[in-house]
């Protein structure tokens, strides 16, 4: 009975993409660990860009710096 | 000093129901483990239906399938 | 389909007490929000005393200070 | 820059299976959302059977009941 | 490659304050544990007042009681 | 009343370093957001190397690749 939490930055992920993530993660757990889909939870959190930091700065500043 | 995180799907939970959850969980930790309420945190997350998956599909599709 | 995570300091909680927490939280979600037990997950984390801080110090130092 | 947390019950998952989960989830995020692997974290938590509850009881009791 | 999650009550934290938290936590991990900023994630969650409980009641009621 | 969770790979972090992290994060929240130390929790999780993935592989493989 796995529980999976996926955190991504909020930048327009669609319902369809979320459904693909849910299906993909569940299939992976079935394939690798033989888990039961009916007791596999997947929770997606979309995090505002200003709330996600990497490299000591908010993600937008980090991406600019990478370019 | 417990920390409890409750994740539920977002479907109209009221302030009063949330207060009941906070009280109920805190009372439980006092009763079973003799914890101190003043250092017991309860954080409730309401998760959009499209962000919660079970059985390999978003929760709404899962519920329809169950019927 | 709620997911509840309970974090407590590791200080000898028994299997029976954990089972009581699991039952108590599940009953609460059934009573307050009419949730289905079969899709209610409860995960308990026991955290080493040196890994939990409050008041700016590890929990043991905090408790001594409280006395 | 996604962060994924996978919680599973502790029942002998091997290093190789964990590596498969890490690879599978990362590939999924690349395929569906075009994420960068180098900033994709996957953290696996193995949870003791007595610390995981479902249906109001610890997972072992739940499984027996299912049979 | 640390991952840090900061949960605070939602009460008007500014972008600048969030950037300070991200910088401060990252600097701390570099100083104490010699971690690499580029693989240090900080995720901030702002939690609605009604969703945070302490002392068995929502945080606003708790604060009034403290006065 | 903030709650901070710090996840790091398990590689010999000492009690003293953990106490420094706890103090540093709490001081930061006091300085930036004027939070109360007595209701600021910090929980540190040390994660086994085989349970942390980045770049699609476990962290040890990732580090070798970086060299």
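Order of writing sets the chain letters: A, B, C, D, E and F. Residues in each chain are counted from 1.
Convention: a residue touches a chain if its C-beta (ideal position, glycine included) is under 8 Å from a C-beta of that chain, and two chains touch if they have at least 3 such contacts.
Source: prediction; values computed, not measured.
Among the other chains, D has the CA centre that is most remote from the centre of chain E. A count of C-beta contacts for the chain pairs B-F and A-E puts A-E on top. Averaged C-alpha coordinates put the centre of chain A at 25 Å from the centre of chain C.
Chain centres here are Cα averages; for chain E and chain F they lie 13 Å apart. Taking each chain's centre as the mean of its C-alpha atoms, chain D lies 20 Å from chain F.
Across the assembly, chain E contributes residues 1, 3, 7, 21, 25, 39, 41, 43, 52, 54 that each touch 2 or more other chains.
Interchain contacts give a graph that is no line, ring or star and is not complete, per the touch definition above. The set of touching chain pairs reads A-B, A-C, A-D, A-E, B-C, B-E, B-F, C-D, C-F, D-E, D-F, E-F, using the touch definition from the header. In the complex of the two chains, the chain C residues touching chain F come out as 7, 47, 50-58, 61. Within the complex formed with chain A, the residues of chain E that make contact are 15, 18-19, 21-23, 25-27, 37-46.
For chain A in complex with chain D, the residues that touch the partner chain are 1-9, 13, 17, 20-21, 24-25, 28-29, 31-33, 35, 39, 52, 54, 59. Here chain B touches chain F in the complex through residues 1, 3, 39, 41, 43, going by the rule given at the top.
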